[in-house]
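First, the structure itself, so that you have it in front of you.
Per-chain numbering from 1; labels A, B, C and D assigned in written order.
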Amino acid sequence: MQTLTTHPFDDDHFKEECGVFGIFGHPEAAAHAALGLHALQHRGQESAGIVSYDGIQFHAHRGLGQVGENFSSQATMQSLVGAMAIGHVRYATTGDTTLRNVQPLFADFEFGGLAICHNGNLTNSYGIRRELVRRGSLFQSTTDTEVIVHLIATSLRATVVDRMIDALHRVEGAYSLVAMSSKELVGVRDPLGVRPLVLGRLGTTWILTSETCAFDIIGAEFVRDVEPGEMVVINEAGIRSIFPFARPPKRFCVFEYIYFARPDSIVEGTSVYEARKRIGAELARESHVDADLVIPVPDSGVPASIGYAAAAGIPFELGIIRNHYVGRTFIEPSDHIRHLGVKLKHNANRAMIEGKRVILVDDSIVRGTTSTKIVEMVRQAGAREVHMRISSPPTTNSCFYGIDTPERERLLASRFDVAGMAKFIGADSLAFISIDGLYRAMGHDGRNASQPQFCDACFTGEYPTTLADYDAAGTPAQLSLLAEIA
Amino acid sequence: MQTLTTHPFDDDHFKEECGVFGIFGHPEAAAHAALGLHALQHRGQESAGIVSYDGIQFHAHRGLGQVGENFSSQATMQSLVGAMAIGHVRYATTGDTTLRNVQPLFADFEFGGLAICHNGNLTNSYGIRRELVRRGSLFQSTTDTEVIVHLIATSLRATVVDRMIDALHRVEGAYSLVAMSSKELVGVRDPLGVRPLVLGRLGTTWILTSETCAFDIIGAEFVRDVEPGEMVVINEAGIRSIFPFARPPKRFCVFEYIYFARPDSIVEGTSVYEARKRIGAELARESHVDADLVIPVPDSGVPASIGYAAAAGIPFELGIIRNHYVGRTFIEPSDHIRHLGVKLKHNANRAMIEGKRVILVDDSIVRGTTSTKIVEMVRQAGAREVHMRISSPPTTNSCFYGIDTPERERLLASRFDVAGMAKFIGADSLAFISIDGLYRAMGHDGRNASQPQFCDACFTGEYPTTLADYDAAGTPAQLSLLAEIA
Amino acid sequence: MQTLTTHPFDDDHFKEECGVFGIFGHPEAAAHAALGLHALQHRGQESAGIVSYDGIQFHAHRGLGQVGENFSSQATMQSLVGAMAIGHVRYATTGDTTLRNVQPLFADFEFGGLAICHNGNLTNSYGIRRELVRRGSLFQSTTDTEVIVHLIATSLRATVVDRMIDALHRVEGAYSLVAMSSKELVGVRDPLGVRPLVLGRLGTTWILTSETCAFDIIGAEFVRDVEPGEMVVINEAGIRSIFPFARPPKRFCVFEYIYFARPDSIVEGTSVYEARKRIGAELARESHVDADLVIPVPDSGVPASIGYAAAAGIPFELGIIRNHYVGRTFIEPSDHIRHLGVKLKHNANRAMIEGKRVILVDDSIVRGTTSTKIVEMVRQAGAREVHMRISSPPTTNSCFYGIDTPERERLLASRFDVAGMAKFIGADSLAFISIDGLYRAMGHDGRNASQPQFCDACFTGEYPTTLADYDAAGTPAQLSLLAEIA
Amino acid sequence: MQTLTTHPFDDDHFKEECGVFGIFGHPEAAAHAALGLHALQHRGQESAGIVSYDGIQFHAHRGLGQVGENFSSQATMQSLVGAMAIGHVRYATTGDTTLRNVQPLFADFEFGGLAICHNGNLTNSYGIRRELVRRGSLFQSTTDTEVIVHLIATSLRATVVDRMIDALHRVEGAYSLVAMSSKELVGVRDPLGVRPLVLGRLGTTWILTSETCAFDIIGAEFVRDVEPGEMVVINEAGIRSIFPFARPPKRFCVFEYIYFARPDSIVEGTSVYEARKRIGAELARESHVDADLVIPVPDSGVPASIGYAAAAGIPFELGIIRNHYVGRTFIEPSDHIRHLGVKLKHNANRAMIEGKRVILVDDSIVRGTTSTKIVEMVRQAGAREVHMRISSPPTTNSCFYGIDTPERERLLASRFDVAGMAKFIGADSLAFISIDGLYRAMGHDGRNASQPQFCDACFTGEYPTTLADYDAAGTPAQLSLLAEIA
């Protein structure tokens, strides 16, 4: 509704676009998928879907909104029968939030049904899409996932697995897929392993999902990461592993550690919480400043703050209090009220801050809007000095691998150098962790420039694949002549 | 929700499944389409959709529910920009009421976009669908309309019109289609002309729609019926007519006159209201009985009752009053209350009925449930005799041409002869108009048995096409492995 | 929402403001009350409420909207336990539609609880309200019913019945009340008997309600009208009747016969349907005109039309078709579309009307808006002559007895004489039944000018009570300083 | 809906029942009130209301749900015109959550309108209510606030202020009131000062509210606490202070510091955050245990944990991660899934906890349900030892001063001693801060047994007023015979 506006203190973050979950061999498969998607909700809040298979038929429920809004009625859950299920949560930019884009996608093939869901983003799908349309394929969504589905449909190979391999040989980019046919549950990770995918088990039940926190919620145990370029096929006969693709050195997204993943997940063998603390400690070493307090920008800045405070020997305090009851909308009858609305979500803890030299720790600066407001709020509460420390390098480039980022020119770090950024946000000093510092905190001696250990394109501009679908400005091609009105 | 039940006095009627509307050359095309769909609401109440084209892009809004529920917000209407639009209303059996089946269908083709909507039903689509899937086409809906769309997509012809002709040569059954590309508005009627399609104009604006009542609401004038087997193509250059198919004798659905069409429509040159009065008069002549009052079963029985009363010289009276405020659901805490609920929708006008010999006139008996309740109600109100007269022949067979009918074994007329039916509904006498009487009322000397002037398969079992998609029991083939949960 | 507007073809009628229902001695009392309120829905569509009593506690559910919207969940109905219940439907002008005004009202008194509901309107409540506030009574609603409740609370009499009598001695105006204490169900009708109240039974269960159609729906039998000035008290000991007030000659509202009551109700011993037919016949005798067709303005004009047509010997035809699927709102993107919207609700049956001389029969003209549009529509459909006949005298005055009427200056009959009104609505001729003709149709020799047999103040301006609460312009006093925002 | 259940990990806390806000002299009074109520949302989430006064009329909007659900439409905010407004948030036990109980209450009096809202609870209102009903007062709500309103209405004093004083002389218990007449804004605090009330200003605008965090959100400055027993009257002439009551030593609720108030509020001159840290530090001194980590139970346990960790010299770590996206409902198709649902809201940070000796810090144990689940979760994550430390004394008694507490027999501390409680929750050790330790942390030498410096009845059973409305078991008297069904 036009009378409502997004919350004025909107999160200034890159946004993870998807989380996936698949389960094979449990009588309450869909209920476990719903729990798993709850645990993955931070990876996408705009739509959620589950497809189950009962041995005869597939059952789907997909809707806009969060998991709890879509999977809380007994009638819905009881309809999702079967011992196999896959599920998906999705974040999407406004124009794309229509029901036809909600995953899992499903299609009836010659060989039967197939449901598929995708975390990541392809970088060469547009040309393939045009070619498929030319030969008579009809697209219903604007997701790149549907390109994969059509490639499977038009593959001349015989089995589902062979058709999937055939299809994936055609695409480039980042993908962690979970798919379900009437016979098997399949998980695949792109050859670079940009997005995570993990394998777990619960007794005789197998689970494939984006993060280990989804194992915890259902009491499953972590088995191992799916390897970059690996396809895992689970059926009645058991589990098998295939490596059908070329195997370049892996390039896992380092930003999963900095912000996207949940702190209680273990990602590629490393605790996210520990990684953030280590990054905070490295940041403290790199950019020391005398101060009285280390204050996290809630809530994502907390682990790095704890690491920073311990390394710097400065007390960690909750100098900014978050209001847990803030909803998504607030009405602003006037500019004056809009400005006041800034404090709806956060408030400075004046008793703690007044007269103090304060270090604020946050994980990133995207457009700089939140940082500016936070610095102003902390100053108004009486801070004598405000030093901002950021637990990532400056984000100078967009991401094309399944993360929602503003266009390059709206990134503060692409507009200013660090001194200019400090001035923009109004801080007495500003420092980011260095790119080598980040790699050190992740357990390396530093960044291997000739063969980076991670995908760090948003900091360096070094994209590990070609970007065929985007023009020089990073603008994607238009996919459909149809604008669906919600 | 499971706690609500459908109204206990549910309509015991065959149900028309669709209405279509297309408009070319009006700056408020979508608003006119919405008005037209309002006028066609009796042809389908479960979903509604409009697609417009603004010269660059197509704009769609489609939703479950009635026209008013989907096209009443200014934001929606303002988004449907363009001088060309098509729209659809749809009735669907429960299992199929999912959003992906809501029309108009839209697809991006090599040649651009195409939106299409369909009144009728194909009788050989299943085999074609299987063949298309085998070659890699992916179906998103379970509508037979999508078969046409895929046939267009995979046609090797060059123009939209040629591809449509190519596609329609493959299908059998009933179809009145309205389609819109970026260049033209197209209307087509199947060679038998089973469902109606009319052409109208409003100044320089052309309209194609199911019934003339949709012209009245927008102030347009009726030009002519689209002919069976005719394709009308409207574009900037004007209007042209093509007859690409073989031209068998026409077989218009006679039940459109009996019940489906609105009484204020002119169908194939005949006023529906007048036709119903003539059928009522013929019925009076065929099945005379001494009585005090002629009473219509509200509301569809009124025109035939007026004709019957005039021909029989017996007063026409409103002996059954309809409650206009009845909603769609009513809760029945017990069987006792459920039984009382029968009178929510209708009540006998006791002061008029008590002690009288009553003739009830209705248009059809399907399962007999409503008739049984009405007869009981009229008796309880003190009627001395209750004679039921039906302005159609007994409906002994299902329809496969776009009408929702129960399976054959649930049709009362397939279970009992007329005497048995009279006993079942509890009437003192029961008579249906004869099949020849019906044809006489429609202006013929009687039914031409070797080449019937109408499609009357629901009365005679003589289907004018093969029924490739149905088994001997009339059960359709399963189309998708997916059950979507609303 | 501001983007939605009321339907452009809004009903131009006086509106009955309330219906009441009470039941004593049935294990499913509340479910019967809900059914009864369904039958009374025509007396008020903006709110509905039921209070039951289970022997220990009262249970209430009250809400804005129609009966079906409020009493369709099993949880609600199961909560309304007890063998005694009262219910209410209400129409209210916009400003008053807040939840605190929804009836039945309930209050905890010294003697226990009392629920009360009211059909009618008091004409001296404002002064009493001021006096009660002065002594410390707090009002929660702006209904005059609450004045009665406070008078009961502050009465010094001992029993509920004596307190009710005490309270009602203070008030003037029209009231048909149904009240329920922990001991008894009470029905009262004001001494003039302006609004109806009837007594029925279903085995050993007693029912008090506004119209007999509410008996039909639950299968109860009509016993008798409650007399003007009578109080009926029903408890475990049985039923008794009290006449505590002076007994002036009765003045039942004649408009209940013309429009408010349902045609299938028997009101004060007379069938409403029959009365309307007799009024139509009298109208035909008074205002003959040569014509080809008699056409009712749907739906309320039908019975009078049948009577008119029979008396005039002119065929009755459905010349205007009503669209049953029209919702409450329609969006008008432009004036042009707004004007077209007129035909959403009704359409002229052109095939019947074209070239004919038409008599339109309606029950009343209030502001004249509907009549003007109907006449225009019928002309556009080709009528050669349009003669409007109205089955009530001109409505020149507002009602203050429980009917929603526009202010006097907006009544067409207070602005023009009949010739002026004919011109305003565009009819070739216009005639109203005469006041004496109306009385003749009701079985009298004519109106007794010195002691009219009915309340006919809306036609004559002769109000049967003083109007202490209204100024000369008929504007009511302001009751509360609070404006509640919905 | 019955199919949805409250979240399985429901908060095991005492619940503050209300927050109040009043503003005088600002053109956007209601918008500021809405912002203030957002800041007070932690004091009540089940209903919210605002009443404004525009110089002529009062305007009210009150609804069930949170502030954002009720005050986010522009239409609503624009209707709440005027330079004076009061607002209220409320938590209520299930049975009472009906719209008629939502505050502010409003009444039309002889002297004009008065709106009033209340934080606290009266302990002698039942007898007064009975007496008022006996003399003819009608109660619409079951709130004790309405008793005050009726006492004002029936007072024989002349001015609003004198009537309020007259009324408040009759009542006992805890109340921080904000009231608004057409002339003035009034704030009053009960003589013991149990609940907070603070005075602030924003230029020439005065604000009265429950906590200073509501000043921060609108940029107002804190002026001073309203004194126990003080009445502050603000009108066009300025602000004045009255002390109309006896002045016993004050007894502020110590639990406001422990849990109810926001950590960023300054209450009675003390920072809540600092108080919690001092309590944590004192707790560490009193109940030392060797351990590897101090982990807060999120989110309320964080400040005490920081204090504990610093005093104990043990690292503070986020060992339990809270899921920010958890909604209010979750469906549990089976007991198995219900059990898993425990981890929806919180998850143990296994990487941090495994093999460690852990101290969990929480603010209170009420029924023990949450503590049991948290301890189990931490053990499952591999903790070697789990020691629970609580920053309040054992809560052995119910509160009757505006806090929602379970009945006494459901309080874990009233059923077991500390050893028994430790066993119940499954901890290796359990310790509560001592009552004297709590007073020391609050800056006293210990508790003054003859004249306690705070209200600590929930720990000691020493209630500072009589409890006339409650029987020995603490069960309140029944107030109304009516059960309203939502």
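One rule holds for everything that comes next: contacts are C-beta pairs under 8 Å (C-beta built on N, C-alpha and C of every residue); 3 or more make two chains touch, one makes a residue touch a chain.
Composition by chain, UniProt nomenclature: A, B, C, D = Amidophosphoribosyltransferase.
Here the structure is a predicted model, which means the values were calculated and not measured.
Touching subunit B and subunit C together: no chain.
In this assembly, the C-alpha centroid of subunit A lies 37 Å from the C-alpha centroid of subunit D. Chain geometry summary: the mean Cα position of subunit B and that of subunit D are 61 Å apart.
Separating the centre of subunit C from that of subunit D, both taken as means of CA atoms, is a distance of 49 Å.
The set of subunit A residues that touch two or more partner chains comprises 75-76. Arrangement of the chains shown, judged by which pairs touch: one closed cycle in which each chain has exactly two touching partners.
Chain pairs that touch one another, listed by label: A-B, A-D, B-C, C-D.
Only residues 1, 3-4, 28, 31-32, 34-35, 38-39, 41-42, 45, 66-69, 71-78, 213, 216-219, 262-264, 266, 271, 273-274, 299, 302-303, 306, 310, 315-318, 321, 323-331, 333-334, 336-337, 340-341, 343-344, 347-352 of subunit B touch subunit C when the two sit together in their complex.
If you check the complex, the residues on subunit A that touch subunit B are 2, 51, 57-62, 75-76, 79-80, 99-100, 106-110, 112-113, 133-134, 136-140, 149-150, 153-154, 182, 479-485.
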